[in-house]
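In what comes next, chain A is part of two complexes: it sits with chain B in the first one and with chain C in the second one.
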Partner chain A sequence: MAGELRDGRIVVVGASLAGLRAAETLREEGFTGSLTVVGDEPYPPYDRPPLSKQVLIGGVPADTTGLPTRRDPDADWRLGVAATGLDLLERRVLLADGESLPYDRVLIATGTRARPWPDAGEAALDGVFTLRTRDDASGLAERLDAGPGRVLVIGAGFTGSEIASACRERGLDVTVAERGPAPLVGALGGTLSQLAAVMHRGHGVDLRCGVTVTALLGDGNERFVGADLSDGTRVEADVCVVALGAVRNVEWLADSGLAAGARGIACDAGCRAFNMYGIVTDDVFVAGDVSRFPHPLFGYQMLSLEHWGNAVAQAEVAAHNMINPGPLQRPHLAVPTFWSTQFGLNIKSVGVPTYSDHVVIAQGSLEARRLAVVYGYRGRVTAAVTVDMAKSLDYYRHLIETAAPFPPPPGAADRAIAADVPIPSDVPDPKGLSHEPVVALTGHLPDRRLMVVQPTR
Partner chain B sequence: MQIVVDLTRCQGYAQCVFLSPDVFQLHGQEGLLYAPSVPEDQVQRVRQAVAACPVQAILAGEEVAAGGG
Partner chain C sequence: MASDTLLARITDYANRPDPYPLYAELRAAGPVVWQADGSALVGGYHHITALLHDPRLSADERSLCGRSASEHKDPSFLRLDDPEHHRLRTLAMRPFGPPHNPGRIDAMRGEIARITGELLDALPTDRPVDIVDDFAYPLPVSVICRLLGVPREDEPLFRGWSDALVAAADVRPGEDTADADRAGREAGSEMRQYLLDLAGRRRGNPADDLLSDFVNEPDPSLRLTDDELGVTATLLLIAGHETTVNLITNGVLTLLREPEQLERLVREPGLLPLAVEELLRYEPPVHMRERAPLVDVEIAGTTIPKGTSVFLVLASGSRDPRAFRDPDRFDPGRTDNEHFGFGGGVHLCYGAPLARIEAETALGALLPRLRTARLADESPPYRQNAMLRGPRHLSVRL
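Entry: the complex of A and B
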């Protein structure tokens, strides 16, 4: 049977990081059949994190972030063609150009796209951008090169903060508007959000929290000139970047019968997709930002993560499981990890900071702008975030993996008094923020038993 | 040559910055920024950086040949 699984037809839908790493892993582990990778963008797989950092700061053109391969996956690349449907019964991926690709096993790695500004007319104004793709970054970098008078960034999550940081590095005036009480509060909670706010303001960002943008304004010639805020003020700007988080690319699966929704496609720890009845499929796999998967370290909640490292790790597990029989399959148990570089700080996270009730500052201090914050939930370590202390992160990862007690035991020489003083983690309801969470816990409460399936035709 | 650094793994040892400062730069104390597309005259230095990285976080290679087919 193992031999059979190493042959046949595999289609990977999604030609970004997860799709590429899956394709490589399939070949590395001995898949000899036909491999097709479908991508809606016309480009071979490229890396997205630099688009909000090096590319916007300048010096690195947006079209130079192509991902190197570990090996040539010897695939048939269908680029610039979106998948429009999945027929589970006939085992075919339907493409926008009318073609359909038969498969024996399929991997869904369609990722996310930028959440657009809700008013389509305002979003279409010249000077209004979102940032997710190479083309987005190229257009925005070009506009920043032209030296706009002011840039308005809507949303102070990681992407919005990195964009603001890059603009300040260029010497451009920036206003950041965020509905929540502080930048990054949705991902990191109250303590570190205070540091984030200080970093914004210390670097000259005009940071407006607790406000929403009520309208983007045009000059009559469809050119963006400013925005109205909910506090009655008006911001004049030449460029607007809408950084409201991401939308999962699941619409193409609406009629497929898979458990695909706004939080992604539900799958098991082996990356096998659930159908809408909660029955696991054995030939449809999911990896990367578009997936939701259960994690034993976080109460078996279904995690949906927008993390580079998760895309790689999950793609490798999915690929392994696509070509191995059940007893040889592996679970995706990697501890979530991500990083952000902004305002000269290196912020790294391990675990799930939002899965917490208290935090301690285990090393360093806010004043030093160098610290390690450990997050706990019901007396157990569930996450840690370091600011310019990346070398400590592995230690905290170990605490998370071993369900160490919270507050954590002494483990560092520079242990501060703060390490023994738990304070509320102060993670707000994501509904109160401008941007979508990059980590979403998507478990359901047992008292909500209603499930509605709404066919679209 | 294209490179990608697994910044989940990177711990800011900055060996790459010493070996190939035209490609790798620190942003602040330990945030690493780099040029993903390596200029021809830096390839040898980047190979050294790949080998020297204490956490083996740098992957160098070529983009996929995605001409279809």
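Entry: the complex of A and C
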């Protein structure tokens, strides 16, 4: 059986980080059959994290972030063609150009796209951007090069904050409009969001929290000139970046019969997709941002992660499981991690900060802008976020993996005075935010109830 | 033999040429191997990683049981904990590297190549070359002198101080180290004063070097005090030349012992950066570091009490088969090589970017000559030091 699995036809839908790493791993682990990788963008796999950092600062052009390959995946690349459907019965991936690709096993790694501004007419104004793709970044960087009078960033999640940081680094005036009480609050909770607000303002960002943008304004010639806010004020700006989180690319699966909805495609810990009845499939696998999977460290809740590291780790597990029989398959148990750089700070996270009820500042201090915040849920450590203190992250990862008691034990030389004082983690209900948190917990053990598709806000 | 004598055997000069079997014994004896004197050895890769990143492990000697504070006044950031370590290291990093001076070390490539070329041109032709005295020692000394702003001709002066300081910092279990400690303290105080005098002359009169940048920092909150400047400059001068000499010499010795790999490098010089990483793993300049837990710390089911002297045997971790495939094989093409050659955690080697360029330049320039070279002495004499391990001489017929 193992021999059969190493041959045959595999189609990978999605040609970004997860798709590439899966393709490489398939070959690395001995898959000798035919391998096709489908991607809707015309470019070979490229890295996205630099698009909101080095590229926007002007350090590197957007077309230079191609992902290095670990080995030649010896694949048939179908780039610039979107997948439009999946026929589970006939085992075919349908493509936008009318062709269909037969498969024995398929991996879905279609990721996410930027959530667009809800009013299509306003979104089409010249000067209004979202940031997800190479083309987005290249267009935005070009506009920033031209020295706009002011940039309006809508949404102060990680992407919005990084964009604001890059604009300030270029010396551009920036207004950030955030619906929540502070930047990053959806992903990191109250304590660090306060630091984020201080960093925004300390770097000269005109930060407006607790407001929404009610309209984007044009000049009559379809050029963006400003926006109206819910507090009655108006912001005049030449560029607007809509940073309201991501939408999962699942629409092409609407008729497939898979458990695909607004929060992603449900799969088991072995990356096998569930069909709409909650029955696990044998030949359809999922990896990366588009997936949602149960994690035992976090109460088996279904995690949707938009993390670079998760895309890599999950793609490797999915690829392994695609060519190995059941007893040799592996679970995807990686502890989530992510990072961000903004306003001169290096922010790193391990675990799931939103899976928390309390936090302590374990090392350092908010005043020093160098600290480790540890998150707890019902008396055990579930996450840690470091600011300019990444070397401690491994230690906290170990605490999470071993379900260590919260608050964590004393002993660090730079232990904070507040290390014994748990305070509420203040992670808001995602429904109250204009953007999604980077980590979304989406319910308990997978079953049919998850098939109620939530309308996109 | 009993595993509680491992540290004594590792530091025994007779085992200096090949401590690696002892490291294998250490890894087999358990995650934590207690020594007769109450200290603990850790030699497994994953356990060392965990301890290097554990904020409860102190690098400060004053955290060790039974060490008095007076003996160890004004430690450098190498032996301080956060937040003080971070403050001093960050200040020391400002003129040296990113984010404030990202290009400084890379800009030295040309000068390092020039110094290397001059040393190679001056090599004797009528006798075997001593790779240490004729090449691997003078190269980093010239470079660190240039970088810091120390006159190269003062080398005999600071070499004596440096020898005394390094000897005092070595591990010698069971020996009476009082004399060495006293000599180290005296050398340290003289060296600090010497460097402070040099720095003082640059105040208001800057040259293109680190001492000038330190004393002419315009923001008072970012300026090192005289005491801090003395110990920091001493650390940089010593670390800048006592370690790279081993890296280069170990590199030459390893390549001469592995002619196939030498040929491979000559054929594929693009492998050189990977080869330097492999040397840092396979024959590292620094073999162990001492730490002390600030509270009782548990590792793999063993509790290490607060204040215990814990030796992280980095060179053993870098040969751990649980982390490296075929760890005792020297493979200059090895990838995924997260060795402990520069330590790890918050104390990760400050000078690593400089050491990498020095070793790459030195070995790259020497490569063509090594093809026809032979070891004049198959068993070169080693330096006394067990922590900073490397040959004292390496006689080679080029």
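Criterion: the second predicted complex is superposed on the first by the 442 of 457 C-alpha atoms of A that agree within 3 Å, B and C clash if a C-alpha of one lies under 4 Å from a C-alpha of the other, contacts with A are read in each partner's own complex, and residues count from 1 in each chain.
One rule holds for everything that comes next: a residue touches a chain if its C-beta (ideal position, glycine included) is under 8 Å from a C-beta of that chain, and two chains touch if they have at least 3 such contacts.
Just so we're clear, the structure is a prediction, and the values are computed from it rather than from any experiment.
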Chain B versus chain C, judged by how many residues of chain A each one touches: B
Partner chain in contact with A:Pro409 - chain B first, chain C second, else both or neither: second
First, second, both or neither for A:Gly245, with chain B first and chain C second: neither
Which superposed partner A:Gly257 touches (first chain B, second chain C, both, neither): neither
Which superposed partner A:Lys391 touches (first chain B, second chain C, both, neither): both
Touching partner for A:Arg370 - first (chain B), second (chain C), both, neither: both
Touched partner set for A:Gly309, first chain B, second chain C, both or neither: first
Residues of chain A at both interfaces, chain B in one complex, chain C in the other: 344, 370, 391, 393-394
Contact footprint of chain C on chain A as seen in their complex: 344, 363-364, 368, 370, 372, 391-395, 398, 409-415
Interfacial residue positions of chain A with respect to chain B in the complex: 15, 20, 44-45, 47, 49-50, 53-54, 57, 59-60, 64-70, 72-73, 75-79, 307-309, 312, 337-339, 341, 343-346, 348, 370, 388, 390-391, 393-394
Chain C to chain A touching residues, read off their complex: 49-50, 53-56, 58, 60, 81-83, 86, 99, 293-295, 297, 345-346, 348
Residue numbers on chain B that touch chain A, as the complex places them: 1-4, 6-8, 10-12, 27-37, 59-69
